[in-house]
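For reference, the structures are reproduced in the following blocks.
In the two assemblies presented below, chain A is common to both, partnered first by chain B and then by chain C.
Take a look at the complex of A and B:
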């Protein structure tokens, strides 16, 4: 009894084990109809691109650019689908998850329950961040896996090989490695978006503000990058590095662009995490 | 937790911002390296004699030449930044890859055969090396700088102006400037020469009236040492169209035979005047859209200017071009 009272206050602060918290968050995130709807939508992206390319390929020669490179070269499809989706669709999904995580709970009045529950604030942030991570990883995984399947079935492949943009051919194993690299890099960029979205989410009670901030940020970044007089701003923008996704299709593999954009994403991630934690430690429901 | 957590979290956020700032600051711009003094003549000779051996690197070209957008010109001719990945082997082996955001062009030679690849059209062009006019793409700084030193030696002042660090390697700055009597648009040409390998690492062209370079081609990253031999051969990928380049007689360059070029003046303000001759009309771009109309005692025509040079195309089919202002062109036409 004495032992129980001694550990009592600590137990109330520490609360439930982290694994159980994360499991609960995972179930909560993945059971939400909007998450499932988004994942189905992401599954359609490679299917639509693959079908479009296959039809266009029959009608005429290969098109230009990344989508054109997919024709008859199915293993490029997952990379092309990831690059296309990263422009707007994937950030939207991550922003939605982050908006629901804190601002959404606040708007629904359920954040109060979480804040008074025997769960440390830091653990709460970790749990919510885990939910966003799951959505980001699930979305890229769905695109990558469906991209490979659809590339092999609908588009067809060049004798089991991937033809790189540089004109060399990679075997199936190495091609899968390149797709995995693209998926991992994309997830990293999405985590940066998610961290910033979570920070906005911790500062507001309106989920729509989070969506508007993230989508506005992505669009404004694109506009700023297009203004030559503001070219000095480009190294600070997360979206500047997003064209590096196509680098996985070059041979020999250039790591400069991928590495630099990942470091930039890491900085955004740290800023977002810092702001979120600083805000949530003091937040009253 | 609540007492200490907030300052720590805030510090983490600030650290992220600082990291972002550090990433954005361009590397380099370090102190000038200390190197033993060298005379310009020695430096030029050592460049022409140098055999840098195999290397791999990245070349970046910043173009502010202000060239008009002509159909048929490569995208790198327009103002902006373009990148090339370069590999050089032992004996006339080379590989150049020109990436754009979503495509790539590759040029490979193993010394005897060359291949070019364009990812947009998926076309491979191949042929024997002797048929390829010129020595590889002009973006290679070694070739570009060597030719310039040769041609401009007479009417210029040549000096070694301190040192610089290019692609992390110490280099001499060789400066080629026109004599004051030369009536040219160019101010000076700076070539950074690697102190050890004596290979040009960077070429900067400065024009009058602007502190910023009109053209800067240089390595951002270079590593000397043996290269993978597989880089210098090319197997056309499945699904590509392979064309064999027609064998050209050496010296028979495109457009050259039916144009008679005479040079007025010499050095920096030399003007090349050509008779357009009986060329197919398809070769002439629509000048009405890019030039300005000018006329004088020499006739009338269209003037196309850029930061480093001017071209005058007269209505009677003469073309005058040079790194000079308009007045020098019209004087050359009247002569």
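Take a look at the complex of A and C:
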């Protein structure tokens, strides 16, 4: 034990450096086999859509809607892939990350190891939120990057331009900006999901409860939104704004939908974070 | 966490300190309608090795969890190395190593990676020291050969050793081990005993809970016995064992003749109850040398004479059976 030196007698050390904690959390998240599996899955989403569109194109009948717009217009592919994934797959990945972050660590008996080290309870929440953020950002990044590559290679160049849903064309640079905007907006929505999932995760020690709660929430929101008598509920549902991602494909860029859904996500984020912190400060581990 | 910037002498000194390593008073913990701990007052002197004994469900683990700030007491106060817990637990815990409720690690990481993750959270460990500290801790528990295998494939004993290594990552002032010998083979048990002895020699306070009484008797200086959430006995092991016993045991094949001879000489004597051909002589009669001389003069062969001492097992049985 000679190598382990205490950092002087001053004992002003109130905890390990935050950067080191975040680094450890990052390694932990990215070493986990299920994170890797999910990222591979997300890489496949644009590939599958791109291949499907290319085959349909050759067969002569381009589809309709967002996917149809991909035909011969490869730079739309990343946006289409993000929108499709946001419906269920991305929330699932984020919920899983949040489930492992607190409930999973508690179930594995590893949470008390961190608390006894000690990692302060507030810092623990920061560390865990960072881990969820990493998964959300990595997942959207993989979809966006693979979407662009796949769009250019499999679907086709369209002379390096993006044909918007409004019929105008955008240059490559601006098209990339639109894709980045879609990815950033999607990450924001996922952070709202992640915050709520983390709150559920702080309340239970069964990771499955977190998955069930988040997926159940997404599905129930969709059902509620489909009932006309409950239309007054729509402004409060996170999923209401999830079609706004396709707005980046319009010209000029309409910001109402993107802005409103981001604001809504922020509300969910604040509530989720508040519940998580309040619970973790008192939780038995 | 509340701000708590006062730095007492207990933190600056590494030598013997007057502050007890741990002190609890009026401690009570209720889970729903179950009273897990009730009215416990306990002081763990710095530098001691405290064996915490008690039947399953007597509250040992709950007490340890409250000591470490993992669970909030319903009532009462906890002090760890002089700092109130959980309010200022972050001042005490860097100096505390703990293995609580069995080892908890991630199966997809190797033993070394698991330890590095915990080491990254240790406030007293400089970043450059993480690798050597992890390697040293693995070496100390004899896990170097298996360090780069995934935790998933570890045997129960190896998991326990890794948990022990996590508690020893940094030189500690207090090490808390909850059932450290669970799942260990005899060699592993000896290793734990050796590690506790090394910690003790280095001046570290050790709190070890165990249901293996021989284990506690071999390693501890102090004992606390729990029964149904209350403390039924606490103190130095030697004085606890000495209390309420005494007398001389004389082993002889002619026990009945010995009893007659001793009683004739005015000593209180009776045959031992466990069937051994021996006689128990109380302390209130003649001193031991005279008793042996008397027996030899009478022509009774004496094979062995020793002081009677309760072992911990008897004491434990008495304490925990009386209480229930």
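Here, the second predicted complex is superposed on the first by the 272 of 285 C-alpha atoms of A that agree within 3 Å, B and C clash if a C-alpha of one lies under 4 Å from a C-alpha of the other, contacts with A are read in each partner's own complex, and residues count from 1 in each chain.
Criterion: a residue touches a chain if its C-beta (ideal position, glycine included) is under 8 Å from a C-beta of that chain, and two chains touch if they have at least 3 such contacts.
The structure presented is a predicted model; accordingly, all values stated were derived computationally and were not measured.
Contact with chain C, but none with chain B, is seen for A:33 once the two complexes are overlaid on the shared chain. In the superposition on chain A, contact is made by A:163 with chain B only, not with chain C.
When the shared chain is aligned, chain C comes close enough to touch A:109, but chain B does not. Once chain A of one complex is fitted onto chain A of the other, the partner contacts of A:282 extend to both chain B and chain C. By the touch criterion defined above, A:95 lies against neither chain B nor chain C after alignment on the C-alpha atoms of chain A. After overlaying the two complexes on the shared chain, residue contacts for A:120 are found with chain B and with chain C alike. Of the two partner chains placed by superposition, only chain C is touched by A:24; chain B is not. By the touch criterion defined above, A:16 lies against chain C but remains apart from chain B after alignment on the C-alpha atoms of chain A. When the two complexes are laid over each other on chain A, chain A has residues 120-122, 282 in contact with both chain B and chain C.
For chain A in complex with chain B, the residues that touch the partner chain are 61-62, 64-66, 68-69, 72-73, 120-122, 158-159, 161, 163, 165-169, 235-236, 243, 246, 250, 252, 254, 256, 260, 263-264, 266-278, 281-282.
Residue ranges of chain C in contact with chain A, taken from their complex: 1, 7, 11-12, 14, 65, 68-72, 89-91, 93-94, 96, 98, 100-106, 108-109, 113, 116-118, 120-127, 129, 132-133, 135-137, 140, 166, 168-171. Touching chain A in their complex are the following residues of chain B: 1-2, 5-6, 9-17, 19-21, 23-24, 58, 85, 97, 99, 101-104, 106, 117, 119-122, 124, 221, 231, 234-240. Touching chain C in their complex are the following residues of chain A: 1-7, 9-17, 20-21, 23-24, 27-28, 31-33, 108-122, 282, 284-285.
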